[in-house]
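Below you will find the structure I want to go over with you.
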């Protein structure tokens, strides 16, 4: 049998149910934009987005399309093209629950799941309003006699397990191993997710594990539940090391999405 | 060479002056001026046979990390980053920064992107330089609407790092940790202490020897325009084009 | 100036003082054997070895040579060549303090330092005699309301920071970045160590960061305090992906080291 | 083909029988027989159009991990490994295992390598197969001198995994978690229940239908010798040479 499951875009989209806690990669880690549009077209509802640690056009589009009920992130932004307009609008109008976080906390919560421990400690953060509003976070006094300062307040973050994580990558090998280069946050996301799907530019007839150096660049197939081949699957976002962002298109979106009408028109053209 | 110095070049030069003792400077997202300053400081250190490492997250070439997006934070927590830059929609008298929004959280009036990694970096990097070009009562406020990261902490809290400087278009302040207060250090040309007081939403001390920001000298300007500008164009092409036309 | 510090073997050895807590790589991660012998020749004393997670001939030689007062490890073994004779002898004769551990705990203690948190939680281990004898470990009841089972006993491990870590690698680039391939435990060890030195087969006139894929294979120069070029620096251990172990030599050692006299003769020949 | 079946081949075949429901089997250091069994089970699964992943840590080729030496433990803790093998200098009635030494710790009489990752793996991998070739009162004891990893835990302890089987040269036992006791399941040829009782240092139940270990059939033997043996020789050359002369 095939050493991995190759899925059509339709099969892939069907793996994300309403209400799922969906892992969202940052703009530098391979944003599955083609998949995201298909998900919007399907009309998925009440997604909860877990961004590691931020989202750009992917999150903004999902929010503007009414697919999202909650988002946990350290930032939602269009970067040099300014604020994420649909996100800001939704927050300002109380249409979206946000669990404001900070990058290292988003990493640590997944690392807890990666190790199957109920929590991870983190320094910093205490005294911020981020911490103040996070009822799922707790502060304890350092209980260790053998390390740190006795009674020092330490922030504990809960383990978070994602339902589904989808990202876009340059290629898979014939055994379903995914080339991620040094975007190792993708490994953390995969380890902490119940299901992991990947869209790739292409599948190579190689075995990345035949060589120690190519092995070092990949996420092993054992974490992957299905692969779809989608050419330019990150467009208009960048695929690092393969193609740059299409800044013209993102700028176009950033302008259109400032109004409801502009966003709707953009999405109509974009999904057609 | 055109000796007219652009505002951005002055700011780059001011920031570079603050990096001369560093071994490792890191620069976060959307920070062309700090990025250029760090690369300039590195080039000048090299000329003095001193090694300064610069990590620019937004660049592939100047991003030295290979352990994924968490490495910046782990590296900083390990004490391996001497200087980092933070901004703020609002910055207040006690150096609290707000990157989240204005109005009463969670029902904000105007929502901004979010806190990024500030809530850790502000605690662990010894020299945090606050950098916000706009100097106005709306950016420099008495009290921020949301604390993304606090300027000062109880002594029980682990905090080897914190705010050291605040640079704007108009002035450079030093933060005094014990007094929990900014102190005016330098003025841009055409600015006065009184003018700055009017444009600043919080009270601050004035250093006894407030000086005017000095322009970069010819040698620095040459390095900046000839060597640094092309580097910056790799990761901030629009900025490099706007300032240096490359 | 040079973008990294190139050290002679003598300078390198001088970086390890008596009493240091020294990081020890496993046999699959690049054992700095040449350096180890120079260290023995210098007559270093009272080293405390922290093995991630085990040591083979390197640890046994250091112990047999009287350089070690304490060892923390999940195993000391010559693998297919049997027990580590000098280690076993030292333990059986009460000449060496051992902090018996288990692999994931050794990883987690360094990960705590990597994140600068005073402790890391770990599951498992509770009820073993390993845990019973580790007075620096603590069990707390899970304090999190938002994750895990309330009051579940959870093991906490202290952060451990190494004084020095030395390993052997295939190559460095011209900027001092070290090729480690997928031996990412070397990154954990480096992150958790005050000083890190590397012996390499060679220095290449390359820049590993010019390409996302080669970047993924390296430990950045910013963690490295000095590099020495030592050809065959892991011999008789393997350098994964470069050369295999010299099993004949290890077997020879395994037989010689069974007696004090045999060990002394082997070391005399080996250090000459 | 020589139809005489070697002892090692029988053990490999016995272990392979226990892996037929698995999706991912991992094999630790110094385990040629479990390694061969896992690869055999994988090959047989493939023929039935079922996917079985095998991770052999001691091999470069069959080691699927890229996150460093901790990934085995993280992966197991995540519940992504169905079967793992553990050994023991001593194994006792309650399936406690000792990899550390004999005598009263810490003043041991005979010191062995150490506990490796057993203290976590035993807790999190659903099917742990204990494998120790030597079947004698000195290896199978009533109570181990040192617990590297306990066979059973309080119900408060997080423990999705634990011992399922114990295979020796002479017998296969199943572990009953509720009774905290082994039960004799299969005997090697020429062994009797009474003989096993004498050679075992702990009391065990005897399954109502104790059977004799069945030899691998011709088809399995062919796969083992023709396909698996050359694979094993990549990572355990001495073992492959000794058993199959390759």
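Each chain carries a letter (A, B, C and D) given by its place in the written order, and its residues are counted from 1.
By definition in this document, a contact is a pair of C-beta atoms (placed from the backbone, for glycine too) under 8 Å apart; a residue touches a chain by one contact, two chains touch by 3 or more.
The structure displayed is predicted, hence computed values, not measured ones.
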item	value
Third chains touching both chain C and chain B	A
Neighbouring chains shared between chain A and chain B, ordered by label	C
Between the pairs C-D and A-D, the one where more C-beta pairs touch	C-D
For chain A paired with chain C, centre-to-centre distance based on mean C-alpha positions, whole Å	35
Centroid spacing, where centroids are CA-atom means, of chain C and chain D in whole angstrom	28
Inter-centroid spacing, chain D versus chain A (mean Cα positions, whole Å)	39
Chain B and chain D, separation of their C-alpha mean positions in angstrom	58
Interface hub residues of chain C, defined as touching at least two other chains	104, 115-117, 122-123, 148-149, 152, 182, 184, 187, 212, 215-216, 240-241
Chain D: positions in contact with at least two other chains	60, 65-67, 73-74, 77, 124, 158
Touch-based graph of the chains, sorted into line, ring, star, complete or other	other
Pairwise chain contacts, counting only pairs that touch as defined	A-B, A-C, A-D, B-C, C-D
Residue numbers on chain A that touch chain D, as the complex places them	1, 3, 113-117, 184, 187, 191, 209-210, 212, 215-216, 218-223
Parts of chain A lying in touch with chain C, wherever the complex brings them together	104, 108, 112, 115-123, 135-138, 140, 142-149, 152, 154, 156, 158-159, 179-182, 211-217, 240-241
Chain A partner contacts - residues on chain D that touch it in the complex	24, 46, 49-51, 53, 55, 60-61, 63-67, 73-75, 77-80, 124, 158
Partner chain C, residues of chain D touching it in the complex	29-30, 60, 65-70, 72-74, 77, 99-101, 105-124, 146-150, 153-154, 156-159, 238
Chain C - residues contacting chain D, complex	26, 28-29, 52-54, 73-77, 79-80, 83-84, 87-88, 91-92, 94, 98, 100-105, 107, 111, 122-133, 148-149, 151-153, 182-188, 240-241
